Every structure is written in C-alpha cells, then in structure tokens.
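The structure under discussion appears below in the form of structure tokens.
Order as written gives the chain letters A, B and C; numbering starts at 1 within each chain.
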Amino acid sequence: MTATWSGRLRLILAPVLLGVVLIAFWQWMVVHFDLAPYVVPSPSAIWAQFTENLSRIATASGATATNAWWGLVIGVVLAVGWAALASSLRVIREASAPVVTAASVIPIVALAPVLYAMFGQSVQTARVMVAALAVFVPVYINTLRGLQTVAPIHRDLMRVYAASGWQATRTVTLPGALPFFFTGLGIASSLSVISALVAEYFGGPVDGLGHAITSAVSSSRYALAWAYVLGAVVTGVVFYAATIIVERIGLRNHPEA
Amino acid sequence: MSTPNESTPVPAPTSTSGAAIAVEVTGVGRVFGGRSGAVTALDNVDLTVAAGEFVSLIGPSGCGKSTLMRLIADLDQPTSGTVTVFGKPASVARENHDYGIAFQQAGLLPWRTVQANIELPLELHGTGRAGRAERARELLALVGLSDFGGHLPSQLSGGMQQRVAIARSLAESPSLLLMDEPFGALDEMTRERLQTELLRIRAETGAAVVFVTHSIPEAVYLSDRVVVMSPRPGRVQQILTIGLGAAGDRGEGIREDVQFFDQVGAVREALHGIAPAGRGMDLR
Amino acid sequence: MTSRRPSGRTRAILTGVLGIVALMAVWELYKWLAPDGGVTVGGATVLPRASDTAMPHLWEMAERAGQPVNRSSSAVPLWRAVLEAGAFSFRVAAIGWLVGVVVGFLLAIVMQRFRTARSAVLPWVVLSQTVPLIALAPLVKGWGNKLEFGSFQWEPWMSVAVIASYLAFFPVAVGVLRGLGSPEAVHLDLMRSFGIGWWRTLWRLRLPASVPYLLPALRLAAANAVVGAVVAEVSTGLKGGLGRMIIEFSQAGSSDPAKAWAPIFGAVLVGLVAAGVVALIGLTLRRYRYAEVS
C-alpha cells in the first residue's frame, strides 16, 4: 500500500531479515548446545536431507496435494452451490444453520476413521472427503454472508430500475459477494492441505506427506522428517499463493481488494 | 424485461403539454409499525407537481420529506391515500422507467467504471452496447466528466461521484427526476456549482424535479415551488411559489438578488412557524 | 438468521431442528437405497458403502452408547467413557487455548506498537499456519521426554497442549491486530489531543475497539484448539483423550462399527462446549459489541 521506498523496503526486507536471523540462531543453538537430532535437527541438516531426497519428497507432496486439490474443488463447488441455494431459500438457510455451526467448531479430521470405513482403506476418497468437508465450512459461511450483504442503496436502485431477480443477482449481488468468497477461499486453501495431510494419520493407503513424516520419525530419521515438513510448507504456500493470484484477478476492479 | 420502448436506444421524454401532471399525491399517510408502537411519518399529504416543474421538499429532520419521495419512487408504499406518476400508479411508473433518481450517497457500484455505472439502467433495460456508449458519452460531457469514463468510482472525489450519480439518473431521459438531498454531503462550493449545473441540465431536458433538501437557499435557488413540511406527524405546512424566473434564466447572480433574499426570508419564516424552531435545520 | 421478532426466532430454531432431522433421514435413506459396496468409478469410490459395518444405523449408534465399553466386568457404559475422554481432551484444549490466546494477544500488541515488528513478523505468522505442526507432533513429543528444568517435569499432555496452542494463537494474533487498528482516525486524534500516551490509548481506546474482532477470533481459536488437541493425541499416542479413543475404536472396526461413532460425537460435543464457553465470555463483554465483525 505504501508506495514509498522505505515502506516497500520494510515490507520485503524486514521479514526476510527476521527469517535469516531466526534460522541462523536455530543453527547456532543446535551446534553450540550440541542438541540431539530428535530434539531438533539443524537447518543445514534438514536442508541436506531436503535436497538429497527431493524426488521422494516431491512424490509424497504430490500425493497429498492431489487429495487436497480435489478436496478443495469439491468443497468449493458444494459450498458455493449450497450458499446460493441458502441465500435464496430461507428454509434451506435456517435448516443448515445448526449443522454448519456445529461443523465450524468440531474437529473434522476426527471423521477420518469412519470415512475410511465408509469409502474403503485402500483408496484416497476418505482423505479427499476430509479436505472437502474442511473446505466447505469457511467457503460456505463467507459466501453466504457475501450474498446476503447488499447495500440498501443498491437494493433501492435495483428496485427503481425494475430489475428482474436474475439481473439484480448478476449486477449487484454476485460482484458484491466476490470479496467474501475469496476470504473464505484463502482460509480454505491452506486448510485443504493440512486436512488431507492429517487424514493420513488415521489410516488409508501408504503414501503422502503425513505418512512419510511418521515413518521417518519411527525409523529415527529426524532430519528427514523435518525435510518432509518443509515439503508440506512448500505445498501449503503454493496452494495459498495460487488462491491469492486468483483473488487478484477476480477482484481487479474491486476497490480496497 | 418487456418494456414498450425496448428497441429504442434512448427513450424519448414523455411529451409535456402545459396541463400535464407529473406527480399527484392524494391524502397520503404512512405509518411505520415498530416494537415500541406505531410512528406516523406522513399524515394526509396532498401534493401536485406539474410536468416540467421543479418542486423542493424542505423541513426539519423527521418531517417525512424523504419518506414522501420514496413513496413517489415506489420504494415504499403508503398506508393510506394514492400516489400517481404521469397518471399511472407509482408502481406502474417505476416498471415503465418513468423517472430517474439520485440519493444523498452516490450509490455507484464500486466495481464498475464510471461509464459502466452510467450505462447501468440502459443495460438493464435492454439498450444495445453502441447506444449505451453513445448516451454515456453525452452524459459525461453534460456533467463535465468526459475524461473520467474509464475511472473507478473510488478514484473520484465525492463531488465527482455525485455528478456521476446525476448523470446515471438522467440516462433514460426521464420526464421526472427524484432527488433526495443529492448535494447534502458536499462542500458549499461544489454544492453551489452543482446547483447551477442542475438548473442548466433541467432547462435542457425540461424534466419535472422533486428535490428533497434541508438547505433554504438551495431550495429557493432551484425551485418553482417550495413545499415546507412539519414533523411529528409529517404534514405539508405551506407551499410557497418562488417567482425567480425560468430555470434557464437563473444564473449565479441571482444569489445576490434582493428577490432571492426575500424568498429565503419567506421560507425561513414558514419553517420557523414550526416548533421547535430551526432544529435540525440548515439556515445557510 | 437475522430474525428480530420472537416468532421468527422460534421458526428458525424449529427449521434448524428439522435440518438435523433431515440429515439423519438422508443417512438412513442412503443406507436403504444405495448398494452395500458403494459406487466406484474408475477405481475411486465415489459414493460410500452402505453396509452395516461402514454405515451403522443411527439407532445402533444410540443403542451402543448405552452398553458397556468392553467385555470386562468393571466396564463403564460407553457414553460415560466418551464423556470422560471428552473432559480430558477439553482440559488439554483449554490450556492450549489459553496459552495461544495470551501469545496471540502479545504478538498483536507488539505488532501494533512497532511497524517494523509488524512487517517482519506478520508474514511469518501467516506462514506458520501452513506448517503442519500436527505433523510434527511425534517430534514435539520427543522434546517433552528429554526436557527437564530442575523439579519441573515435562508431562506428555503438555506436548498436546503446545500443539493446540500453536493452532489457537493464529486467529487471535490476526484478529486482535485488526481490532487494535480499527479505531477511527477521529478517535485517535482525540486521544492525542488529550495528550495521553500509547499505553493509555491502548487501554482506553484500542482494546475496547478490538472486542468485536476479538470474539470471533476467540471462537475460531477454541475450535482450532480442540482440533489440535484431538489430532495431537492421535499422533503423539497420548492416552486418556478422545483422539486416542477414536483410533482405538475404529480399529475395532468391522466387529463393532457403531462403537467408532461414539467418540466422534464426543468430539462434536467438546467443540460445541468450547464454542459455548466463548459465547459466555462474549456475554460479559456485551457493551463493547456494538458491531460484530468476523
């Protein structure tokens, strides 16, 4: 926002510097106090493992990311569709309210074991479903709020113009709801990765980052476990950055986006 | 949308013969029901606005002037009485797009460019792309914003946004303009400039105007007649005829005129007849 | 949802109950209509199996909750075991929530006070939520076993609380930061004209102004803390809570399918209780909640 030089410098340089300092401090701690790898491995050891096992990490990340992606797609489509229905039909809105409220405060990953029972242990469906359910909640809540937030003056205008229901939806309601939808999507994107990953702890096929981390820990390869964690961070950031880009494109005409 | 003049790019103004009546309000009352009992916003209001006439509604807060305008616009329905616009019920007039409207807030859609905002009513009523662009160009020139068609509303000052809103209200060349304190949020200098512009636009279009304001000089400067309203319940207190000449002949100079001051004094006196005097009033 | 009149409210509650009933009806209807083996398209199960082992009848779940946990003679009814586990998880989550809220609050205040701190820390706070510390749970557990400060002994549940707090601090830090920055310029100018310093402005203006942002953040933090506690129990293998119970019972799987659902309803209950507690906190701050945002 601040276009000044010092402002921009601060915006980029400050977090980078802090990151460098923290990693250097971490490295120094491990070396100086001779910390054992099971406590925490040094950043250099993690990085060495990361580069060494890059293809394995990429494969595991890919498996988790695929589940997260499908979960994201299914969750977003269902959430937006249901929110559209709920915003136009009060019965649907009120009937969904307690279930959605409950879903927003409960640990959805806890459903993983029964979902494995329902969809089978040997397929990825249960993981996709966990991610989809986790994605559904924030996208639905935010989209519905956006669809219901129309400025009174814009509502009056649409009435003045004797606009049909669909015209009002297209010109006022949908563009107005867009920022709310993207807020939900931003939350959902990193949530989808974490949910798909955590679902791997509860069973299912032997692939993915969650599985790789546990098996690395159980074979005492701690630096490798951290390297997989780094892979998870990268996956999460990629998902998040992708939604930011989509948001920028979608809201290019919206002020204060 | 099925409108009679769907195919014409820009609807022509309804022909205005001398005797034609733009707005007729007969015995109108409006009661708002609330948890703490009913509030009478308007009580037995009668008002006739002739075609091409400029009528201001003035009065302290709570006198129902905005409510009356919303009834004419069919944004609200009266509890009793009838409102007709060009001889038709208000709801029919609204569906026929017989009037243009501007509010105190510009109410532009923030994600549409200035031009797209002005085109909005035309777009909704089925005017083709070329016709819309043509009309938007004319209107941008009319309100002096020809260079700003591609801007987003957030890039414009408050006064400029309000001019866009006025241009939007004129898009379909309506024979009736409804304006609810359109200059209320602007600074005095911008306000005076836009008032003069409004007079010019009105002289060019020949539209009737119902104008809600709380500024006495503004009402006097613009109007053929000023309707003074009193609050609790909202009633028409007095209707003053302002004989300052036709809209096209009024210039900035008229603000210095003795006749102008006389009329301002007359409206002020009528308002002061309402107790408590001057509350919520702008006596500039 | 925005019904003001009492009749509208009753209607909303009734429709809400109807919604839950409808969901239950869909479950039973699906069981009745769908094939036992589910629907598979190109190797991926698209629709779940409807067999009694995969989707037990609702009444079986209810019935099972009343029966003893296991065959031992001292076994308590299943619902009691679930409630006890739920209480355990709730305590751990509550401690994690408390720690997370304090940390989040402090971070927000520091970020509000120093612009440089804000631009340096905020990106890392956002990034922190893409780090699956849950995935690190086995490592966090490792720390605990080795840590000892004098007489202080690290208990296994503390690792779980740490993970819960890690998930809880984020919404608080971001929400409170937004809230502290929410006062209008005119109010800040007023405080300046009174000649009072940053601390008193914080106390008199910024903190009260942040309440509408704080409450949704606290609610999110509570939900996150419960998720963190339950999942961390799974991955650290901590006994006594719901997470472990979910894993154990689901392993009973095909022989006792209804049993696996009991701890899941327990987790739902813990989440709702946590949200309820936050709502109670909200009641005490009612006068500051003139405009709720989230």
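In this text, contacts are C-beta pairs under 8 Å (C-beta built on N, C-alpha and C of every residue); 3 or more make two chains touch, one makes a residue touch a chain.
These numbers were taken from a predicted model, which means no experiment stands behind them.
Chemist: Ranking chain pairs by how many C-beta pairs touch, which one is first?
Modeler: Summing C-beta contacts for every pairing gives the maximum at A-C.
Chemist: Select the chain whose centre, defined as the mean of its C-alpha atoms, is least distant from the mean of all protein C-alpha atoms.
Modeler: When every chain is reduced to its C-alpha mean, the one closest to the whole-protein mean is A.
Chemist: In whole angstrom, how far does the Cα centroid of chain B sit from the Cα centroid of chain C?
Modeler: Centre-to-centre distance between chain B and chain C: 53 Å.
Chemist: Just the number, please: Cα centre separation of chain A and chain B in whole Å.
Modeler: Distance between chain centres: 49 Å.
Chemist: Distance from the CA centroid of chain A to that of chain C, rounded to the nearest Å?
Modeler: 16
Chemist: Show me the residue ranges of chain B that touch chain A in the complex, using the header's touch definition.
Modeler: 1, 73-75, 94-95, 97, 99, 101, 103, 105, 107, 109-113, 120-121, 123-125, 152-154
Chemist: Within their complex, state which residues of chain C touch chain A.
Modeler: For chain C paired with chain A, touching residues are 1, 11-12, 15-20, 22-23, 38, 43-46, 48-49, 53-55, 115-116, 119-124, 127, 129-132, 134-136, 138-139, 142-143, 146, 219, 222-223, 226-227, 230-231, 234-235, 242-243, 246-247, 249-250, 253, 257, 260-261, 263-264, 267-268, 270-272, 274-275.
Chemist: What part of chain A is in contact with chain B in the complex they form?
Modeler: Touching chain B from chain A are residues 151, 153-154, 156-157, 159-164, 167, 171-172, 175, 178, 253-256.
Chemist: Which bits of chain A are touching chain C when the two form their complex?
Modeler: 10-11, 14-15, 17-19, 36, 38-40, 91, 93-99, 101-102, 104-111, 113-120, 123-125, 190, 193-194, 197-198, 201-203, 209-210, 213-214, 217-218, 222, 225-226, 228-229, 232-233, 236-237, 240
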